[in-house]
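Mind looking over this structure? Questions follow.
Chains here go by letter, A, B, C and D, matching the order in which they are written, and residues are numbered from 1 within each.
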Amino acid sequence: MAGKNQPTKVAILGASGYTAAELARILLRHPGAKIVAATSRQDESPRFSQLHPRFSGQLDLPCIPFDPLVIRSLGVEVAFGCLPHGASQGAVASLLQEGIRVIDLSADFRLRTPEYHRKWYKEEHHYPDLLSEAVYGLPELYRDKIQTARLVANPGCYPQTVQLGLLPLIQRGWIDPVNIIADAKSGVSGAGRTPKLGTHYPECNENLSAYQTGIHRHTPEMEQVLTQVGGTLVQVFFSPHLVPMDRGIFSTIYAHPLKKGLTTAMLFEAFREHYSGNPFVRIVEHLPATKFTAHTNFVDIHPMAVKDRIVVLATIDNLIRGASGVAVQNFNLMTGQDESLGLLP
Amino acid sequence: MAGKNQPTKVAILGASGYTAAELARILLRHPGAKIVAATSRQDESPRFSQLHPRFSGQLDLPCIPFDPLVIRSLGVEVAFGCLPHGASQGAVASLLQEGIRVIDLSADFRLRTPEYHRKWYKEEHHYPDLLSEAVYGLPELYRDKIQTARLVANPGCYPQTVQLGLLPLIQRGWIDPVNIIADAKSGVSGAGRTPKLGTHYPECNENLSAYQTGIHRHTPEMEQVLTQVGGTLVQVFFSPHLVPMDRGIFSTIYAHPLKKGLTTAMLFEAFREHYSGNPFVRIVEHLPATKFTAHTNFVDIHPMAVKDRIVVLATIDNLIRGASGVAVQNFNLMTGQDESLGLLP
Amino acid sequence: MAGKNQPTKVAILGASGYTAAELARILLRHPGAKIVAATSRQDESPRFSQLHPRFSGQLDLPCIPFDPLVIRSLGVEVAFGCLPHGASQGAVASLLQEGIRVIDLSADFRLRTPEYHRKWYKEEHHYPDLLSEAVYGLPELYRDKIQTARLVANPGCYPQTVQLGLLPLIQRGWIDPVNIIADAKSGVSGAGRTPKLGTHYPECNENLSAYQTGIHRHTPEMEQVLTQVGGTLVQVFFSPHLVPMDRGIFSTIYAHPLKKGLTTAMLFEAFREHYSGNPFVRIVEHLPATKFTAHTNFVDIHPMAVKDRIVVLATIDNLIRGASGVAVQNFNLMTGQDESLGLLP
Amino acid sequence: MAGKNQPTKVAILGASGYTAAELARILLRHPGAKIVAATSRQDESPRFSQLHPRFSGQLDLPCIPFDPLVIRSLGVEVAFGCLPHGASQGAVASLLQEGIRVIDLSADFRLRTPEYHRKWYKEEHHYPDLLSEAVYGLPELYRDKIQTARLVANPGCYPQTVQLGLLPLIQRGWIDPVNIIADAKSGVSGAGRTPKLGTHYPECNENLSAYQTGIHRHTPEMEQVLTQVGGTLVQVFFSPHLVPMDRGIFSTIYAHPLKKGLTTAMLFEAFREHYSGNPFVRIVEHLPATKFTAHTNFVDIHPMAVKDRIVVLATIDNLIRGASGVAVQNFNLMTGQDESLGLLP
């Protein structure tokens, strides 16, 4: 889309949060992208580096109010949406109308039908057509569609660990698809940057807690993708926990084998084959730890056959692979660049 | 055993670790106990407050080498064993021979048979008779036996959360006893005080990892108790994780209901009834968090019926309820004092 | 004041914060106090244990709106004020009018003159008479006055470390009184329980920052006490920092000796003599660390003569010795009980 | 030195520590460097990614025993020494003999004279000639000499914050050179990767402590550079503290102005002018925080005139700007590349 060697002009919508900051960090070093606009709902048009002081002298761009015409006039070809769920829909629609492609990091376009969306997000979806047009941004599964998409629904952080951790097993029919538990643990940045009591330092430091056990909104996102891949109903009991650390998600996934005689070695072989050629999925022999993927776009996966169960351990950095890193991965695909540009090494 | 209003003289064996320090903290304020001896394998007979500087001016007792005769000569009636697994056996046996009752915080006397012990701890047990004599120190289950025991095998930290979280369900036959998963998360003090790479600050800070998935030695301890209570084989798939915090264990326990129509309300009623009269088990309506039990001897339990599963959330302070607090609870029972003396409020 | 063996009835004003919770923890175990009232500005009269779930089953008292008549009618003799600065004044005055003695944990009555208060708190003081009546609640210095005080201005957390760290030196005239630097480091609970961006977990975790360098409001509180003791103007350059931990204050105090030939040994002797008989001041030989005083009412002090300077290291638990613990120490003095009751061991 | 567009071949000596890992992270993405060797004293020649699992699939190079001939035979032109103090000297000398330039991250070549080295490191220096040849690797001060150096003594983490924070003031003669205090706070990775009790997670988590107050070995390194620049004796009272976080150093530097009427605005002007053209020194208007420089090569400096003092706040990432980042900055200078290559943005 951009001329030869000309970086693609991009905008970041909703500059004040953590995913915007991580996007900026990645894009500043990306040879194929140039940040020409950032938007913020704050009145005083703060510089990006005022919102995030670590960018002092690096990204001092003033953050403007959201206006699709202004964004188009700046030559933006791709916009990254870091707006809150619900608030994102309208902005995305108006940008598409201006011919700007969008990678939406909110949950607004992740579920496939308005009914499903209403059920889990307790409100009507205002752009059902876009909902069906949107491509779910999991590169390992939908690489081709992403390349030509106008609208990519960037995947959720928790869901990716569960989807990628189960895809090889579901596709092969090796596990019972309706008897799966995903016990997940997340760092606090996953809760966003708006101060609340639950994320106040002395409340969540030195503390581990469960929340939304079995009823979290990331559940349908996992099930929808796995059901499509498996060709049969997949149900995941998803149980998230809050962990006193900045970043990282660790999912411990429990399943029952349908295929007899599965060994850990067979699992490794299947996983390695399945993810061959995918630069960001690592099938690792050591037990994963969030720190081994922190500040990277990798997904580390370790499958095991233990006793009569299949256990898959999967870990990512929730801000990078779970949000801004996979968004850039999708951006690379959409703009015909190398999938790992700006993300590796 | 002690005269009226005379505190019982006690010893702490193995003074250098975290459980010894927590014991000291509790016992110093306990009106019915007096620490008259502490032992350490270190040559220079350090003061207790040199090993643990927070006790400066509070417990400056020199730590002596272990010698059962010396300990008896000091009038010790009850000894708390904080020695490492394996090293504890012999010390316990020699103290019993001197007529000193022992609460052993190691795992040496927890499994009921030498065979079982050998299978999980990969070595012979040298005191099979004591193994069968030892009373498993879970007061909520074995209160009567503990009162008259010479030797109490103080229960493990993880096992207590799983045992107490499942007892009402197993006893009532409400869940499938062989399809249980306990996904547990522990603070780092659970790994002891000996420096290792895995517990070096920059390694485990900002990190969450799994270890010994499905093969941890606390598994048989859980299963043994629950099997006995249930009168049928109980199997737990136990999966521990290391969390960047000092203290606290959070167990998320997943089970399948056998009884139809179980609701969360029914579970609460059953749990409340089951633990009525037990001062340290709280059936809480809020979702538990480790911080709500930190520095206390409480076990907070929250049972749920969600979708087609039973989930029990249970949390403790691993150093107190998981070790030194329950040890004092056992001490109170053994010495005919109020079970919660020194531990409440 | 209470009859023999009858605990004194107390109230906690402003139940939702951390100092209220720490007060509750201490008072619940205190044989000479009984919490009969807690107030909260929240409409729905939450139970104390709803505000602080760790007190489930321990302190389920409903928190009532503040009303001095109601508080008197409940028989309250002493009230602990945990209200915010500014909001505390009026409540304190109305309680005194009802004959209820008050220990005010806010800063409202700490500075000795309305002018001084106005200068640092940027607003008029509405009760100048009470300001001059209030006794500054530093037991090591004003023990006698505290015993008979109607109103105790409980001292600030930072100031105590600096005051106690310098008192022996100032009183002896051993250091230059106008060339003192106090570089202090505090855990995040010192910032209160109201969520703000600066205390949002992912902002202050893994972070150390300075704030209000040289202009913090605790400066006059330090200087006022030290000036009074020294009989000469004392000036402290106070420089606080925020540290990623729950609790603890560590003050590194730098001074220039006026007396020649001062050695560390001489300092230890002077400090030990000075604080002899004070149960909560420990002159420690090891380098202090916040963890050695965490969850205690101790002040650990380590003086040094190094090169041509005097350095004093002082550490406390900001919530206990820095607020609720010293408040109970003051309560003990006011009610004629042992100074360390409920606080030691 | 390398042919056009050919990356320079480099070696990392001492692969197991944190600085080696950070070097690898930076160099893997550096277009002008290629890691062809890594050494380790461990017998079994572990892969780099076994020592540091986050490099799985990224740097699977086996770590060989140190041998200067083998290193030369691999075509190494520049070696990064990450060996412990003391052990580094000999290795450095033998590499230089093979014609390999060395950037030594140890302290072995930082002090200018053997006498000075002996005084602070309590042992003889075995290569006094190299000591006088070595160029101190502070690019902002010795850029020209570094370009042609055979041996660069990479500067210490603490010293850089103090040197860079004081250089403009010392050079201008604006402060009293012998009345300076540097109160510094460091994350735990600064203590290295070898497990010890003091860096065991439950010991230093939730803890802040002082160590080596006034006697730390980084003192002479600071004083030597500042004395040279100032042309007069500069003395720094250096007082480090350990902070519960992975990385980051924050130095609060207190000085007395010699020049009258200094304002914060004048300081900002002087600092900005002084560091103009230095890509990694940021004179920031906000109060610095370690998190704003974490994972970057920036030094953030904020000078202030407050009351009658000059205060300079300076912060870096101790592993990057404090060690591996500045090493690459030196590497860039030595190899004629852009100073910020691989480090910015």
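Quick note on the criterion: a contact is a pair of C-beta atoms (placed from the backbone, for glycine too) under 8 Å apart; a residue touches a chain by one contact, two chains touch by 3 or more.
The model shown is predicted, which means the values in this text are computed figures rather than measured ones.
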| item | value |
| --- | --- |
| Of C-D and A-D, whichever chain pair has more C-beta contact pairs | C-D |
| Interface residue identity across copies subunit B, subunit C - same or different by half | same |
| Separation of mean Cα positions, subunit D and subunit B [Å, integer] | 46 |
| For subunit A paired with subunit D, centre-to-centre distance based on mean C-alpha positions, whole Å | 36 |
| Subunit C and subunit D, separation of their C-alpha mean positions in angstrom | 41 |
| Touching two or more other chains - residues of subunit D | 187, 203, 205-206, 244-247, 289, 291, 294 |
| Subunit B residues touching subunit A - in the complex, by the definition given at the top | 181, 183, 185, 187, 203, 205-211, 213-215, 237, 239, 241, 243-248, 250, 252, 254, 287-291, 294, 304, 306-307, 309, 311, 313, 315 |
| Complex interface listing, subunit B residues touching subunit D | 18, 187-189, 193-197, 199-206, 244-247 |
| Residue ranges of subunit A in contact with subunit D within the complex | 28-29, 53-54, 56-58, 206, 282, 284, 286, 289, 291-296, 300, 345 |
